[in-house]
Each structure stands twice: as C-alpha cells, then as structure tokens.
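Two complexes are shown next, each including chain A; its partner changes from chain B in the first to chain C in the second.
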Partner chain A sequence: MKKHISIMGVLLVMVCLLAACGGGTASSSAGSASGAAASGASGKEATLILKNLTNPFFISVKEGGEAAAAKYGLNLTVLAPLKADNNEEQMQMVEQSIARQTDILVIIPADTNGIIPAVEKVFEANIPVVDLNTKIGGDKVMWKTFVAIENYDGGYMAVKKLCELMGSEGEIIIIEGVVGAQTSIDRVKGAHAAIAEFPKIKIVAQQSGEYNRAKGMDVVQNLLQAHPNVKAIFCCNDEMALGAVEAVEAAGKRGKILIAGIDANADAKQAIKDGKMTLSLDSQPYMQGYSAVEAAAKILSGEKVDERIVTEMAVVTKETL
Partner chain B sequence: MSKLASILDKYSRILLLFFIIAGMSLLKPEAFLTYENFSTVIFQQAPFTILMSFGMTLAIITKGIDKSMGSILVLTSVLCAAFIKQEQYIIGIALALALGILCGFLNGILITRVGVAPFIATYGIEYTALGLAFVYTGGQYIYDFPPVFRSIGIGTVFGIPNLALITFLIFIVLYFLTRMTTFGRRMYSAGFNFNATTLSGISAKNTVTLVYIINGLLAAVAGILYMARLNAADPGISGNFTLDSIAATLIGGTSFGGGKGSVAGTVIGSLIIVFIRNSMNIMGVSTTWQQTAVGFIIVFSILLEAATRYISNKAKSLGMVSIDAG
Partner chain C sequence: MIKLFSPKKRLPVPGIVWGIIFLIIFFSIIRPAKFPTLYNALLILRHSSVLIVASIGMTMLILVSQIDLSVGSVMSLAGVITAVCAESGMPLGVSLALSILVGMLIGVVNGTMVAVFRFDYWISTFATMGIAAGLALVVANGQTITVRSDFFNWLGNGKVLGIDFLILLVAVLVAGMLFVLGKTRFGYNIYSIGGSAETARLSGIDVTKNRMFVFIGSGFFSAVAGLMLAAMGSSASPIAGADYSFDAIAAVIIGGTSFDGGKGGLAGTVLGAVLLRILTLGLNLMGIPPTWQKAIIGVVIVAIIVNDVLGERRRKTNESRRVYSNV
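Take a look at the complex of A and B:
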C-alpha cells in the first residue's frame, strides 16, 4: 500500500511538472498566418525574449510582436523567464535560440550588462539581433537596431506634468525601479531634470521599489511615515504606482497625494479613472513589440533599418481616458 | 558558564531588536517613534513575514527546509482570486486552503515516502506551483477585489487590525502545538534524530508530512490575506518571501542542525527584519545596502549560535573535570 502511495505521488508530481513546463517557459507561436503579406522574411524563424510575462506591459509587447509576425509571415517564438527579470534564465534562452538556429533574435534584456556574454554568442553565430526597450550594454554594437522609447524623455514628460498638477510647489518622492536597471536610471534622470525646472519642488526621498507592486507598497508606506507632508509620488513604473495607491489609501490619504507611474497598463488606467492615481505615461508596449518585430522582418528581407527606432509616448490622465 | 550561554541564546535577539528600535528612536524620533509607524510595521507589514517564517521554522526544526511556500502562496491566491472577484468568498477561500494542503501533502510524501531531500522536493514543488500559477493567469495580475473581501486585510476588530489578530491567533495555535502536544515533541525529536525517533516507535514520517501540510495551509492563509492587503493577486511576488523567511528563522535562533528552535523566536526574527527595512527606508538608505544589512545580521546570528554552543560545550567539559577532581 505504501509503495502504491509513493508511486502515485511521483506520478502526480510528474504530471504537474509537465504542466509547469508548458507554462514555465511561456512559449507560444504565432504561426505563419495565412494571408500574410508576401515578404522576404516569410516563413523565417524569429525569437522574441521578454523580461517576464507577469507584467501586463510585456504581454502587450508580446501581442504587438505577434501581430507584426503575422503580417510579415514570420514564425515567432516568444520566451520569458519563469522567475521575473532573471538574467540567468534569459541567457539560457538566448543559448537555446542559437541551438534552434533562429534566423533573428529580438530581446528585451533584464540586465543591461549581464546579458552581454549571451549576446556575444549570438553575434558570433551571425544571427542578427534587435535590441528592444532596454539597451544591451558594452562598447561593441552587436545589434542591428535599438527599438525603444527614450526613457529619459518619459521620466521628464510624466514628472513635468505631475509638477504642474502640484501647483509648482511641495514635496515629492521618487520610487526607482530595479537597482541598476538602465530604464530606471534614465527615467529618474529625466524626472530630476523636470523637477529642476520647479525651484519650489523638493525631492524628499528616493528609494527602490524594484518595479514590483508589493515592494512599492511597503516602501511608500515606510516613506510616508518619514515624510507626512509629501504632495506627490513619482514611480518608475505602474506596478509600483499601484502599490503606492494602496499605501496612500491605507494611510487614509486618498486624494491628498498625487501619484504618477509609467506604462499606462490596464490596472493603472482603471485606477486613474477611479481617481486613485493621477497620471501615467503610455509607452505603447504594443507598438514597441510591433515595431521591433517589423524591424526584424525588414532585416531578414534585406531592407535597411535605422540604428535607432524611437517609439512614441503619451501622457494619460483622467481627462484623456 | 552554561547559564551565560542560555541567557545569550534567549535574550540576544530581543536585545538586538531593542537596539534597532532604540537607535532609530534617537536618530529619527519624529518619523520612527510614532504610533502610525509602529502600527504600520507591526500590524500591516510584519504579519506576512511572520506567517511565512512560521512554516520555514517548522520545516527547519525537522531538519528540512520549505522553499515552496512563496509559490504555494501565489498559486492558491491566483486560483481563488477569480472566485473572490465574483463574490464567491467561501468557495474561493475553501479552494485556496484545500490546494495549500494538497501542495503541502505532496511535499511531505516526496520527502518522507519517496525519500527526496527536503530542499530538492520543495524546490520541485516551488517551480511546479509557480508554473501552474503562470499557466492559469497567463502572467496577468488579478486586480481590484470587492470591499467585503478587502475588509479582511484592512478592517479591525476592537481597534486591532484583522491581519495582526489572525497572525496572533495562528501564533497561539502553533505555540501550543509545538510546546504542549505530543505532535510537537515528535516534531522536535524527528528533527533531532529522525532514525532514532522512528526506532522508538513514533511515525516520524507522518509527523514530518504533517509539518509540510501545516506549511501549505499557512501559505494559503498568507496568500488570502496578502490579496486582501495588496488588492491584487500577483504571480510575481513569490521571490521575496523565501529569503526573508529563512532569514527570520535563522535570526530567530532556529538551528539548521534540526531539533532546536521556536516560533516565538521567529516572531522576534521577523520583527527584526521588518524593522530594519522600515528604518532604512526612513533613513533613506539604498536598497542594495538593505540587502547587505539583512545578510550581515544573518551571519551575526549564526556566529551567535556557534558562540553559545562553544560556551555551553566548554562549560560541560569544565564540569566533568571538576567532578573528576572531586
């Protein structure tokens, strides 16, 4: 009897493991859709590697990428680390993509510098790389094109609007993303530039919320203790901004503190509609994914693409929704 | 000497917590030493670290480890979130608890019947549970729950927040369970020497399995509370818990050697971690330094444990010498 139980246990676990593998690597294929525009890229293999599939932002990137793949007849494989923003897993995915002989690689690196060794291998294998959203570090330019918003501009645009809504005076808190992430560094730089234009606005605290909602909530909660008179909070992404919303509500200060994020994901838009959040910045992830895969298709069919493709952004407030 | 060792063992953590609080009260009294700050830290932030660390403590007392609790928390919360959103509270919560128990049971079976090392078994379940959570949600957040449900996380009873109350009740139950029942004694005994426990006619296997079932249940409860607090079910939060709960357990004086430790110590350990985070946020210290500080305190508490063991061993050997001489 005992033996039966253990065998059943093992079987059950194996079934679960199989199920987990399917979702674990979060792979999906947008097959060569019928009616695809005829192009030199038709039928070729492209791989899109994301930072994660837990943030709605990257799900939109994926959808945009899949739409472009369908249009140009690319076979697109989308991969994302199971543990969000894990450089090690991303490196393995890059290596697997070389082994699978993908024709082109589109990647959003989770770690600007950590990914370099893996990208070097792709470069040596003569597989073209499209760098999407986050810059690949290093001195050598190993990618064909860099498709992204200007994060500096993003931080600047969002915070400038926020400062105006603050009435050009008061205390502001900045919540950074993952420490060392280039997107966060640039957005914060942009935010500082905007605040510098308002002499009566003072940055009273700047801490990391690791681009994570729960973490953002805890950090803002703690900071509100130290700075009860704060008038606005700028978060480097919407997940942390939504954490800030909960922290502000828990402190009973709803409506008294302006909260801005970046990304304009669905939850954030809802929060803006409900008046819990003030503004966000739509960096149009769908268009980022679309532009990157479109660039990939053009590269594969021998067309020339610009070394830098800037994608558009727009401030989202209650009025624009 | 051995008296010194036991005093050191018993009160050093409380002393450390006291030093952190006293230090911060001197440095930043206006922000730190307020009712709001203490109630936020103790009643809102600490309960999760405490609940998850309870599970880790029980596992480590049995000479195991439970890496899977964070993922079980995620899986149970995302699965019940859909029901909660449709105001099917009882089904949702029952499903979460049942699933937590099932995951814990699988851990227990893998460890005791199949003979997989606890680290490997719970590591496997960690990946499986998280994978299933991603399959189910497609990685999406589930956001915005009805106010009735949220009141679990933010409501109060007689002025005491529910979160703190539930955590306290669980603490009482676990304290009673580990200190005053045969199950508790068997658990310590299984951790101290699994084979000897089995040979003395106690089913150490069942005891250990039950420990992991309790952990699964704790993770599910923490998951439900977390949803109520965060107003979202988030498939990406599992990572924070495992490291924090190991840290809280070690700082709380539970030994990786098994058979030694207590849930009360873990409460202190958790409070130390949460207060360190809070202090550093208030002081404006960067996140990277916060990690370093927690790491430093883990090393410190391991050294402390080694020191106590050294002192009490020395005391024993000295005692033997004096008997010989006498």
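Take a look at the complex of A and C:
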C-alpha cells in the first residue's frame, strides 16, 4: 500500500480543513445556545436550504436565519447548491435532510415544481417544512407556513413608482429573471398590471437577464440599440439592474434612462445614492430569513403559526436613503 | 479484484477505490449516528444514478480520445420532449422513446461531424450543445413542465423491494455496458482505437464506424440520464442538465480513465460518480457551508488524480527496471 501514501497524505490535509470548519460551527452554535432565551425549540436541529450563496440576497437571508436561530437556541445548518439555483442538488439536500435527522426544514425552492417529489418524502417522514420566499408547487399543502413577500405586489409597487417618475408616458423595457422562475413570472405580472394603469406607457421589449449582472448588461446593451428612445428599464432583481446601469453608461445615456430593480442590495443602494439607478424595492431578505426561522422555532415549540406570513417591502429611492 | 475493475489485466486498482474507502471511514467516524446507515447507502446510489448514466457515454468517448460537450443539453432536451409530449396526451412510452431517439439523433450529428468529416470534437459538440440547449428552451417555452403521470413519478421515486428503481435501472445499464466494453468486439475495438487510432486502422478496425457508434451511444445515455433526472422531479426543466457535461468528464477522469485514450474503464467512472456523491452527502451531514464544499471537493479530485498519475509513473519505472534486470 506504499504507493497510496500520497493520496492519504492529501486527504489528511482535507481532514484538517474539515475539522477546522466543523469545529468552528460547533463552538458557535454552543455559544449561541447558552445565550438564548429559554424556549421549547432550544437545542433542536433546523436546516435552511437556499438557492445559492453567490447572490447577496441569499447571504442576507442566511444572516437573518442565523440571528433567529441564535435567539431561539436552534442549531441551524445552512445549505445551498454548489451550482447556483440547481434543482437536482436541492432535491438531494431535501432527501438528505431525512438522513440528517433534522427536526424542521426551511427551504427556498429553486424550481417550484421540480422540488415537489423530494418535499413529499420529507412530508411523509413527518418533518415539518417552512416554505420561504418562493412557493412550492402542487395541489397538496406540505408546508406549515409560507413566509414571503408577494412578488406580484413587488413588481406592481416598483413599476408603479417608476411609471410615475417617467411622467406617465414613454417606452419601457422589462428584464425578466431566470426564465420559468416563479418569482420572475409573478413580478412581471405585477409590472404589467402597473403599466396597464398608464395608457401612454408602452412595453417595447421584454427579455430574460437570468437574474445575473453580466447577462443583464448584455441583454440591455442589445436592446438599447434596437430601442434608442427607451425611457425606463425595469429589472426583476438588482443584479440585472446593475448590469443595466453599466449598459446605459456604456451607451452614454447616464441619467437619461430610469432604472429600477428589486431587492435593494448593497451595490444597488450605492448606485441609487450615486444617481446611476432610480429605485429599488427592499424585500428585506434579512427579515425573510429571520421570520422563517422564527416560525420554525415556534412550530418546534408547539406554538401555532399562520399558514401565510407576509414580509414587508419598501420602495428605496435617493430620497429614502 | 483487479480484473473486476478494468478490462485490461495490467491496470492497477484505481486510486479512487482507496479514496472511497477513506471517505466512508472518515465520515463514519465524524458522524457515527448519521452517516453509516442503509438509508444513506441507498441515498448515495440514488443520487449518483443520473451522473453515472450520463458518464457512460463520456467514458466510451474519452476512451477513444474524444469529448462530447452536448451531454448536458441533450439531457435537458430529452426531459422536456418527454414532458411536453406526455402532457399533450401522447402515451408516456412513446414520449420516452421519442426523447431517446432525439438524443441518438444528436449523437448521429456529432458522429457525422467528428468521426466522418473529422471536424474538431470540441467545436462540433460545443455547437450541438448550443443547439440542444436552445431547442430545449424552445420546446419547453422556457418553463419547467410538470408531468402529471404517476408512472413517470414512480420511475424516479418508486422502489422495488426497498431499493430505488433508479438504482436497479443503473445496475442493469452498467452491467450491460461492462459486458459490452470488456467482452465484445466493439469494446475491444474501442480500447484499440483509444490506444492508437492509426494502429487500429491498419489492423482492419473501421475507426469511423466505431467512433460513430460511440457518439450515438453518448446521445442515448445522455437522453436516458435526462429522463431519469426529470422523473426524479416529476417535471422537466429546460436547464436541468446545464453543467452535466463537465460533471461527467470529472467523474470519468477521477475514475481513472485517461484523456490519452485506451486506458481506464466504466467501473472507475461509476466509482468516480459515487465518490462525488459520498463527498456531498458527507459534507452536508457535517453542515459544511457550500462555499467551503467547492474547495474541498476540488482538493479531493486533485488528490485522486495526482495519486493515479504517480501510481502510473511508478508502475512504468518498475516495469522498465524489471525488463533490464531480466537481461
């Protein structure tokens, strides 16, 4: 076995790596448990499955969730697919949560329909589910509570404000999120409803920027050439709106085109301060994560929670910052 | 043992076997109550199944020194074709067959470009990757399509005697392909072509025809993998297979099949896929954050590849030493 000493050596390095992070999480949860208020959920295991950890939005959700877990003394494990928004990996994580013997599962599904069979298994294993941010599809209600903003309302709020700032007339472009993503579909529906109230505003183009900054920039750059008279751009999230900002700057139209996004992440707020972006919608991801894990803690300690918990949103403009 | 893991007797047991044993022991020590359970063993196999099937075609291709980048998009395309057809009222069996046919057709296109016209395989399969990915989005109209069929759901989530149907399906497919690669003329030809296409041609093997078959096989297995993935979620997403081509290449390479061609085999690939899933399950059980997991998986892959390369070199040195000492 002499020749396999090398692999053992490298794997040993990995062990040390793992031990380092594993040890780190263990001590932090112990520390939080001791400082926690006494509750029935104390010491129980909760799992939070996100869509990814590359978008600042989900990092805020994670931080909110961790804060709530610390308050109620839950041991929270946060997981996310390595490939952002990958349904297969999420299915695997949901099925693994049964193996992890978690007491409660909080999930933001990346694919509302694709996740159903996996959640069904957790449901049958009698593990309560908190559905966060995006609704799990299907006719069967398998979750204890659904914690989210209304994406439809979000699209409506942001675009209505945008239309008013446009002076109730002109051309508008809509940049959708990942094609087929429920959040994007609902936000776009809300946006259409708002625009319908302004007969002089016309949607000249609607394309997907896949919730991604670089892609958003590409798409807007192309659309600006086809539609030079555009007055406003509504993007279904901030990452794409920031891409739009860059595209508009590159076209030398800074300040002439209004740009709206949703999420109000740090970069977007800075862009709004700098006057590069017009408005965003704070869907308060920190509060979403917090509310969901708080609901999970309440469920575990036997308290009753509402079937639908709506989290608040606010329009963010230069004035409100 | 050695014979079981590779069709060529002289090849050593791939380093990956040691990697798998090590990881199982490691995770069992760290999480004794949660890791070493029958439920987890089945879960690992279940979660490996799609990757294994997607990698079967890739193994054959890398054995003949080719790559198929279209694997992932063919998976997506197969899934959505079945979903759209089944939802429009076509019998499920016909829809499944149609998807597999389309997958094989894309294999024919790849094979025609690469094997017959000798175009570069990177560019050719990159092009078909785009075509299949685009078609998948068009067919599905950009949305995830739910398949309302209990049987389809059973294919992905049903069990036979307590074992997932998917695992049994993969066992049959892998056993069949191990036989084909190890015991048939076609398998022998693949190894010969991989070793040296020129020598193979001179010894009367039809290189073009065999490469064509390999590409068609890749299309077939990609389509089957896509259907399995769709069945697991009872729905087909037009981007479900997105990065699968690279995952499949990774599984093949860490399974000990070399880009040089002619070396390695399907058994290593299966173990490669299983190792990747053991890692993700173990790391998730430990609650390691996803950001760390990426780095750790990378380190493990490098360790296994380095071990294989070093082992190969040592074997060569030892062999030459033996030759000289015999003189």
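As a convention for this text, the second predicted complex is superposed on the first by the 289 of 321 C-alpha atoms of A that agree within 3 Å, B and C clash if a C-alpha of one lies under 4 Å from a C-alpha of the other, contacts with A are read in each partner's own complex, and residues count from 1 in each chain.
The criterion applied here is as follows: a residue touches a chain if its C-beta (ideal position, glycine included) is under 8 Å from a C-beta of that chain, and two chains touch if they have at least 3 such contacts.
Quantities reported herein were computed from a predicted structural model and do not represent experimental measurements.
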Partner chain(s) touched by A:E171 [first = chain B, second = chain C, both, neither]: neither
Partner chain(s) touched by A:V179 [first = chain B, second = chain C, both, neither]: both
Which superposed partner A:D238 touches (first chain B, second chain C, both, neither): neither
First, second, both or neither for A:E66, with chain B first and chain C second: neither
Which of chain B and chain C A:S208 touches, first, second, both or neither: both
Which of chain B and chain C A:E88 touches, first, second, both or neither: second
First, second, both or neither for A:P117, with chain B first and chain C second: second
Chain B versus chain C as contact partner of A:D131, first or second or both or neither: neither
First, second, both or neither for A:Q96, with chain B first and chain C second: second
Where chain A meets both chain C and chain B, residue numbers: 6, 10, 13, 17, 21-22, 52-53, 80, 82-83, 179, 208
Chain A - residues contacting chain B, complex: 2, 5-6, 9-10, 12-13, 16-17, 19-24, 26, 52-56, 58-59, 80, 82-84, 179, 205-208, 210, 212-215, 217-219, 221-223, 225-227, 242-243, 246, 250-251, 267, 270
Residues of chain A defined as touching chain C within the complex: 3-4, 6-8, 10-11, 13-15, 17-18, 21-22, 25, 52-53, 77-83, 86-89, 91-93, 95-96, 98-101, 111-118, 121, 137, 179-180, 208
Residue ranges of chain C touching chain A (in the complex, touch as defined): 15, 18-19, 22-23, 26, 30, 33-34, 37, 39-40, 43, 46-47, 50, 137, 140, 142-146, 153, 156-157, 229, 232-235, 237-238, 240, 242-243, 277, 280-281, 283-297, 299-300, 302-304, 306-307, 310-311, 314
Partner chain A, residues of chain B touching it in the complex: 28, 31-32, 34, 36-37, 40-41, 44-45, 106, 109-110, 113-114, 124-125, 127-128, 130-132, 134-135, 138-141, 143-144, 154, 226, 229-232, 234-237, 239-240, 277-278, 281-282, 284, 286-288
